[in-house]
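Below is one structure, written out as structure tokens; the observations come after it.
Letters are used for the chains, namely A, B, C and D, taken in the order the chains are written, and counting of residues starts over at 1 for each.
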Amino acid sequence: MSNTLSSNAHIDESLRAKVYWWLERPDRNAFGPKLLEIILIALIILNVSAVIIETVDSIYQSWKFAFDLFETTSLCIFICEYLLRLWVAPENPNSQSRMSWVRSPVAIIDLLAILPALLYLLIPIDLRILRAFRMLRLLKLTRYSPALSMLLAVFEEEAGAFFASFFILMLMLIFAASGAWLAEHTVQPDAFGSIPSAMWWAVATLTTVGYGDVTPITIAGKKFGALITVIGIGMAALPAGIIASGLNEQIHRRRSSMQREFRKALEDGMICEQEEEDIEALRKQLGISSRAADHIRESVYAEMKAKIGITCPHCGKPLDHESSNT
Amino acid sequence: MSNTLSSNAHIDESLRAKVYWWLERPDRNAFGPKLLEIILIALIILNVSAVIIETVDSIYQSWKFAFDLFETTSLCIFICEYLLRLWVAPENPNSQSRMSWVRSPVAIIDLLAILPALLYLLIPIDLRILRAFRMLRLLKLTRYSPALSMLLAVFEEEAGAFFASFFILMLMLIFAASGAWLAEHTVQPDAFGSIPSAMWWAVATLTTVGYGDVTPITIAGKKFGALITVIGIGMAALPAGIIASGLNEQIHRRRSSMQREFRKALEDGMICEQEEEDIEALRKQLGISSRAADHIRESVYAEMKAKIGITCPHCGKPLDHESSNT
Amino acid sequence: MSNTLSSNAHIDESLRAKVYWWLERPDRNAFGPKLLEIILIALIILNVSAVIIETVDSIYQSWKFAFDLFETTSLCIFICEYLLRLWVAPENPNSQSRMSWVRSPVAIIDLLAILPALLYLLIPIDLRILRAFRMLRLLKLTRYSPALSMLLAVFEEEAGAFFASFFILMLMLIFAASGAWLAEHTVQPDAFGSIPSAMWWAVATLTTVGYGDVTPITIAGKKFGALITVIGIGMAALPAGIIASGLNEQIHRRRSSMQREFRKALEDGMICEQEEEDIEALRKQLGISSRAADHIRESVYAEMKAKIGITCPHCGKPLDHESSNT
Amino acid sequence: MSNTLSSNAHIDESLRAKVYWWLERPDRNAFGPKLLEIILIALIILNVSAVIIETVDSIYQSWKFAFDLFETTSLCIFICEYLLRLWVAPENPNSQSRMSWVRSPVAIIDLLAILPALLYLLIPIDLRILRAFRMLRLLKLTRYSPALSMLLAVFEEEAGAFFASFFILMLMLIFAASGAWLAEHTVQPDAFGSIPSAMWWAVATLTTVGYGDVTPITIAGKKFGALITVIGIGMAALPAGIIASGLNEQIHRRRSSMQREFRKALEDGMICEQEEEDIEALRKQLGISSRAADHIRESVYAEMKAKIGITCPHCGKPLDHESSNT
């Protein structure tokens, strides 16, 4: 893409590699990239806080200029960040093409963070709606949370069970609204006059929010409401149960990946420095706490020790690795 | 049933097999059956949406003819679908009898979707009740969700624990209503005048819905209410916990079935194309995500490698049983 | 206790054994004991229903005589039942003493079911309180639910974690009430005038019931309320999580007991009829569904098969049981 | 620190050791230390109860002197306790320095329990705020609950997942408040006039508390509210799911530690008295119920038996490794 001049390209690429290293590899523990990351996170949080505070009219009127200046400044920074990340995308060892970066979820979130404000320069959107869209900048924080990526993996993995539980919830909502409409529509035509309006009560009830602004008042409505609430109690909590179960599975699977790595490293009887570093990198990538990693290591050692005790049935000598190295 | 003429039966059966293939085997990835499935799903969703919107009187009055026409049309389609499915039922390799299909849950749901409307032609039922029954067509969607079948299996499996948790909930509801009635019946004769009427408060409280239309106002009532709420908090969430635990178990069991299949296929050292297809079919049948299946495959490979790869370091002979047989 | 005359004792004991068999062993599938059990369960349910309906004054006034007659009759039956169970207690092969039966939980529940009504004959208690105590007869149903016993075992097992989670909930309730009292006591002296009265709000909030009869109205109160609610959300659901986790553990443990039984039975290569019966009895006792039992059986078979493939390292012959029987 | 005179130091240390034994080792089952522990727990509970009751003005006015006396007395005792624990800290075999004790969580809680009252002597703080701080004495109870320590370990372990779920909750709260503000700010300027004020509704809704003091009334607001509630239902229950999953993991890990201990003890074929004591100590330290420990013991025995008991059916030699070494 930028190989017009060999020597220039060389300088350019070396600068690009540096920028890539600063922007996308803050885990290498250098001070500079770490600081940049903290500044970017702080900017996102400040930006969202500003949007929240701006909606308090009295504050916005007094500090209008400051708020607008801060918005313009941070918008510029976010645009620069997007362009820089786009520029350095080919440095990524896993996917060298810029297009694949543009299509990645993080890049889409980055674009969403700047697009509404840019559109505003072209089309005069309502300022309030624009503010609501500026809230999407919050999603930029997802890049920096390793545990969040695990949760997202769980959502992806359990998508089928999730869809099923939402489908059941939808079924129950429709049945609840239908029943309440049947029982209450003559007495409370405002709140239960049609199934769509009865849906507000159904949602508030089955999610156990229970505002109480609308409640059944007929005997039949109360009986039906009580029944559907008792049945619905298990359904509404299903998504949480599915996530918990999925998280469990995910953690288990990651730990068994870790375990396999430990076993591989221990095949020659000891873990050398290079292997130690690889394991540490894998541990961070999988988001496993160092305490859990220690536990896995311990169990693999115990397992290896048990194996060492086993002797070869052909020659009767013990199968420990120390002796096989000699 | 239709073996009157041998040659005719042959043609007939071949047509029947084709219809069966179109209606009941949309997983073979052919374009036609896939399209038919999508049309049927869309029809169900449109139908239920129509019932929901019909209950908004103003809309129904303006579009009465269109709604009635749509209902009549879709009723005809559902009747045709039922008759066709009944006709092709003997093609099912697992159960060749039509009676066994009629008694299956999906067939009963299909019947429930058309019966109320057919009855309406004979007996003049209230139109509103009829609409509520037309909602049952939603259940026809269950046929198309593989994850839903897993949830239903969990309900069936954990029926005992479910019954127990509902029994405890029922006990707690009765005790809560009795206590509140004892404390509040003199001060609030309307809401707590008898145990059945106090039950409305008990349900709203123990399911944590908490409308707030009825709350205890005496000191004794508030003390009792607080106590029963704190105790009840664990009980009400039990069904969700049981489902989560059951789902976990179910997923675990299905994965171990998958694992056994992989092991069997790998016994001869490699997975041939036929075995690959069988595994894929099993994976779809068990509703396991392809990512999870890959993980299982990987772990079985690792296990196999460990079994085959170990050799005695003293005499160099492999420790797998193939060699020890010789 | 009744060994005054040898021959008489023999007859007496044979009758006692018969009564014991009828009353305490309804799982032997005989028609008589099964019917007796159903009658007793029906009587309990009818009795509790009667107490619930009695509290509706208008119904009680019209049917006073019938209600009182039914109560007297069922009280007599419950007294007879208690005395009969006490009489046949020595027939229990596990604990032959009557005292140990009297001290068992089921016996205490049976006593609680008759004691308040008996006391009423001596001391004139308030009729309403008496009714509330008659509700305790519901607990007699626990005898007949195998799944319930599993849940109770979970409660017993996880008592420590339960106590801890209730302790945390108590801490949070006290802190929530203290904070709300501090923020709101000047503005809402009725609802937040003291920590005990603020507790009503704290319970309704942290259990997510949220009646809404009392809510913070100051800015400080709302901020504190929002904070404590968000933090408290995880705490309040802890007991449910603990039960779910405990149930999982319990089921796992019971299944491994079952597995061990299968392995023991399969040690000689096959399951004889006697072993089959023992396994079935254990399955019922542990409350494992027959489907789950089949799964365990299958996995044990697979495990055994895998073992059979292993050959003896001393003589090289395969270690399958069929050959060792010959 | 106190080694100025050798002989004096000897006496001093022996007294210090005794005090240490009384204060910090009540698990040795001696009557004295047990009693002291019960007295201290009772004092904490009485103290907190006093603070709660004090806030009821009428009671406080009548018993002012008694309350103040009790507060002064218990403050003195807590100060003495703190100083004594500080004095005996070097006796702790794991960390002999006083500074490390001062920095430990229990010591900080102990300090928090006395500091506010001491500060009050210097600076005249509002009495009501002081009372709220005296509530912190409740935290002193954490020292005495072994199960609580397990829960805290789970929080520590799952901190990443917790942070992630709170981050998601925060995202959803901000989005919910933004949407409700957009939809409702013109109709309900009081409750939804700005995003911060709409946050009160968002918290009450997403935590499913649902007071109902503020609810959306526009069609758009209700639609958005229903949508965000249905989506949010899984998110809000996430922390509970994470704790449950973490607890499961924690219990599993502790049991496998126990299992390893059993296996080690059984290596020589039997568990001697010393090993039995060590196992019991470990069991208490890990907070495992004696029933669960028995189950682990049983499974280890079964495993050992299986290892030792298998003999080759052809040559009769045992298949354990001891024999293959000869």
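One rule holds in what follows: contacts are C-beta pairs under 8 Å (C-beta built on N, C-alpha and C of every residue); 3 or more make two chains touch, one makes a residue touch a chain.
Note that the structure is a prediction, hence the values are computed from the model and not measured.
Asks: State the chain with the largest centre-to-centre distance from chain B, centres being mean CA positions.
Replies: Centre of mass proxy via C-alpha means gives D as farthest from chain B.
Asks: If I compare contact pairs by residue number, which of A-B, A-C or B-D overlaps with B-C on over half of them?
Replies: Answer for the repeat of B-C: A-B.
Asks: Quick one: report the Å distance separating chain B from chain D, using the average Cα coordinate of each chain.
Replies: Roughly 40 Å, centre to centre.
Asks: Return the distance between the CA-based centres of chain C and chain D, expressed in whole Å.
Replies: Comparing mean C-alpha positions, chain D is 29 Å from chain C.
Asks: Could you tell me which residues belong to chain B and also touch two or more other chains?
Replies: 208-212, 236-237, 240-242, 244-245, 248, 324
Asks: Please output the residues of chain D touching chain C within their complex, sorted ascending.
Replies: Interface residues on chain D, with respect to chain C: 48, 51-53, 55-57, 128-129, 131-132, 135, 138-139, 141, 145-148, 150-151, 162, 166, 169, 173, 199-200, 203-204, 207-213, 236-237, 239-245, 247-248, 251, 287, 289, 291-292, 295, 299, 302, 312-315, 317, 319, 324.
Asks: Which residues of chain A touch chain B in the complex?
Replies: It is residues 157, 159-161, 163-165, 167-168, 171, 174-175, 177-179, 181-182, 185, 193-196, 205, 208-212, 215, 222, 225-226, 229-230, 233-234, 236-238, 240-242, 244-245, 248-249, 253, 256, 260, 312-315, 317, 319, 321, 323-324 of chain A that touch chain B.
Asks: In the complex of these two chains, what residues of chain C are touching chain A?
Replies: 208-212, 241, 244, 313-314
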